[in-house]
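Chain nomenclature is as follows: A, B, C and D, assigned in order of appearance, with residue numbering initiated at 1 for each chain independently.
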Amino acid sequence: MGQRSKVFGNFTEAVADIPDGAAVAFGGFAGPGTPYNLTRALLAQGAKRLTCIANTTGGAHQPRMPDIGMLVENGQVAKVICAFTAATRPTDVLPFTPFYERGEVEAELVPQGTLAERLRAAGAGIPAFYTPTAVGTELAEGRETRVIHGREYLLEYALPCDVALIRAWRADAAGNLQFRLSQRNFCPLMAMAARTTIVEVEEPVLPAGAIDPDQVHLPGIFVHRLVPIPPAPEGLWTTRRQERAR
Amino acid sequence: MSGWDRQQMADRLAREFQDGWIVNLGVGIPTLCSNTDIGDRDILYHAENGVIGYGPVLPAGQEDLHLVNAGGQNVSLNPGAAIVHHADSFGIIRSGRIDVTVMGAYEVAASGDFANWKLAGQLGGGIGGAMDLAACAQRVFIILEHTTRKGEPRLLRQCSLPVTARGVVTLVATNLGLFAPAGEGFAVRELAPGVSFEAAQTATGAPLLPG
Amino acid sequence: MGQRSKVFGNFTEAVADIPDGAAVAFGGFAGPGTPYNLTRALLAQGAKRLTCIANTTGGAHQPRMPDIGMLVENGQVAKVICAFTAATRPTDVLPFTPFYERGEVEAELVPQGTLAERLRAAGAGIPAFYTPTAVGTELAEGRETRVIHGREYLLEYALPCDVALIRAWRADAAGNLQFRLSQRNFCPLMAMAARTTIVEVEEPVLPAGAIDPDQVHLPGIFVHRLVPIPPAPEGLWTTRRQERAR
Amino acid sequence: MSGWDRQQMADRLAREFQDGWIVNLGVGIPTLCSNTDIGDRDILYHAENGVIGYGPVLPAGQEDLHLVNAGGQNVSLNPGAAIVHHADSFGIIRSGRIDVTVMGAYEVAASGDFANWKLAGQLGGGIGGAMDLAACAQRVFIILEHTTRKGEPRLLRQCSLPVTARGVVTLVATNLGLFAPAGEGFAVRELAPGVSFEAAQTATGAPLLPG
């Protein structure tokens, strides 16, 4: 095989070339699918003026885990694009919030389904689409709408990104991925929307062909770098029960 | 005044679910609906993160860390469950296949408007899937405490906060009972044990109409 | 379980209520995924003025199999919406063609990717979207375009349908489907776009829960009726090799 | 005049595929490219019906009836293959991830326009995935017989038939050789064995430019 391997030895190396100003998408919905290890490496790597795309800015729960909130605290973030820029529980104060209130970070608040669809559109070569979501709300004020078959819809644009950081359960050497249960969430969509997709993988990388072609959740076409997660405590949030129990 | 606790509020709304419905449960009290015993009705619980066909929250030690509901709780799966990604999950929502979405809220108006994403003076907010669900589900049910911690009413003539969607709420469960937005006020469908009509009216920012 | 079973005993019963004037999508790309058995039942059922949505109108190859071409010959079709309204080999004459030339059937020719995306949009509650496909061609003449980030795109509308007829490999009682290999093609998209999805299934219907939730290709939410395909010769195009060899 | 047969035309174009490319093969002669021995290059063949990573066409008796390429032929799968549905397959196409698409055509113009979906006077046509691929792939290569059965040229100054896309073709393999649209004419990249420049020019409806 002529192509070079997609498997990287460590997280540091896998995120080393993410440039200042990059648009980076972070997979995950609550814990599953969240790239804690890659995010920790990005914190150490130090790229600045990032645009961070994710469901939430993170940091709502203890103990803290590497997330966008930490990148904000570390001075690496220019803008977030999220479905939550405040916590669902109004009494929770996010690490992100004081930075946002002081105007040090910009934020674009996007309904979750619109966020998913904008990512999917970018990955599918669709530059813009219409959605019923958010019509009649503050989010639609001053924006372009269109009546189609008697109902009003909002115009939304694709959301491409430079890098997707995601987490998967299994991968083969061709980069084909499988996610377990709700780990899937935004991960395949962000990979489709990204120029470079970097994956932390829970299981050792399998040889090409070891995953049934019918059971691939994300084809290797969308996957560029794979990093197997080492056992805890070096690897973060290993989901193997025996390791967590240590 | 007694009234319902959180699980009882969820149980009461879950009694309204009809056989064959696809039900989406939002963060907070609504997630308690999947703990309710629904007897022989066939209800499919859908979570915005692509989990179709889940059941009760599992106790610590029995949970699968790869599986959460919309509230991030580790739930169980029922036979016939299926997983999709976020775009397909919201495709199910936007295409009108959710029979009812149950959400929390800060305010509900007699017009059926509701507000659950942004507090007064807050910069930013927490929308999550609420706007998609509110705009596209067949029905929107709301569960919320009848008043704020300061005792101010949350069932109002008009929302004071930025709305999530307009004119969509058809049923509201609170600790005081079950109410239906009815334009000028709220129709009282049921009062919780120990709650009088007068007490409920006092706690409500719009006329209550005898059910 | 309160809900009635999705399993139907035969194809006749499963298509009995398809009304005159219905918009019916037919899965399949070449053989795999093509609902030959359901199409045969629809031929016998006789519904008229159908709008038929599929990749091709069929009938390009011998031996003839039940397809849109036969429905046209049977006087059941008002309009087709396809990526091919002529054969790929110009010397092949389709059964559909003379009816089209005489003006007895209307046709809308849609690029294959646009057809897939219009079905997907209908299933995802997206009423319209923009695509680069067909810009500058005869198909774009007189139609609405829009320049986005410097490139010209064509506006396309969702394509909802009343009924989807598809074929799958396996199903469980909840209606969850698995397709084998290239059988998947348009099938999940048509099911998403349809109000009623009717499936001919190659394997006996499994109990709910027998398919791993991570390996479901189309959730039962989109599936309403299942008909297991009987062995050949009663069942058409059974793909079990031993049956075909008979 | 001798020249290349169909498999040789496909082989010649396949020699142009670079290591790591994702290649889409259209109906007809292009499907023969997946039969070509490409040595140690890592080429991923994508078919519009969602098959990613397929190999040669299989002989009768060894085929899997559930698996076809864009031409409806039963192909094999290479290790690392994956299957997606049509919307995801064309998502791969529209998002520019196909390094080259190889298609048949009725006509190719020196401008890079080409026509492959509708004959003169024909009602309707056969577009398939050609317009999506032509508009969105990184490169468009065409394989076609150099002339019609009546001997009329198919490499032209301008297309006479309705175009599939404009200005996109960069390489053309015919039975006479390998040509590159170059605005005013076609650059001759290579002539098939036994084919003279003059013979090729006679069969071409635009100037040939020495490569």
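Everything below uses one rule, namely that a residue touches a chain if its C-beta (ideal position, glycine included) is under 8 Å from a C-beta of that chain, and two chains touch if they have at least 3 such contacts.
Per UniProt, the chains are A, C = CoA transferase subunit A; B, D = 3-oxoacid CoA-transferase subunit B.
Values in this document were obtained by computation on a predicted structure and should not be read as measured data.
Colleague: Touching subunit C and subunit D alike: which chains?
Modeller: Both-contact set = A.
Colleague: Going by the touch criterion at the top, tell me which pair is linked by more C-beta contacts: B-C or A-B.
Modeller: A-B
Colleague: Which whole number of Å gives the spacing of the CA centres of subunit A and subunit D?
Modeller: Inter-chain centre distance comes to 37 Å.
Colleague: Report the inter-centroid distance (CA atoms only) between subunit B and subunit D in whole Å.
Modeller: Here subunit B and subunit D have centroids separated by 55 Å.
Colleague: How far is the middle of subunit A from the middle of subunit B, if each middle is the mean of its Cα atoms, in Å?
Modeller: So the centroids are 28 Å from each other.
Colleague: Tell me, which residues of subunit D touch at least two other chains?
Modeller: 77, 83-84, 87, 90, 93-94, 136, in rising order.
Colleague: Show the residues in subunit A shared as contacts by 2 or more other chains, in ascending order.
Modeller: As it turns out, subunit A has residues touching two or more other chains at 117, 120, 124-126, 131-132, 179-181, 184, 213-214, 217.
Colleague: Return all touching chain pairs.
Modeller: Every pair of chains meeting the touch criterion: A-B, A-C, A-D, B-C, C-D.
Colleague: Help me check something: in the complex, which residues belonging to subunit D touch subunit C?
Modeller: 27-28, 47-51, 64-68, 72, 77, 83-87, 89-90, 93-94, 118-119, 122-132, 135-136, 162-166
Colleague: Applying the document's contact rule, which stretches of subunit C touch subunit B when the two form their complex?
Modeller: 1-3, 120, 122-126, 172-176, 192, 207-209, 211, 213-214, 216, 219-222
Colleague: Which stretch or stretches of subunit D touch subunit A in the complex?
Modeller: Spelled out, the residues of subunit D in touch with subunit A are 19-20, 22, 40-42, 44, 46, 52-53, 77-84, 87-88, 90-97, 136.
Colleague: Along subunit A, where are the residues that touch subunit B in the complex?
Modeller: Within the complex, subunit A touches subunit B at residues 29-32, 55, 83-90, 97, 100-101, 107, 109-114, 116-117, 119-120, 131-139, 169, 179-189, 217, 239, 241, 244.
Colleague: Per the contact definition, I'd like the list of subunit C residues that touch subunit A in the complex.
Modeller: 117, 121, 124-132, 146, 148-149, 151, 153, 157, 178-181, 184, 213-215, 217
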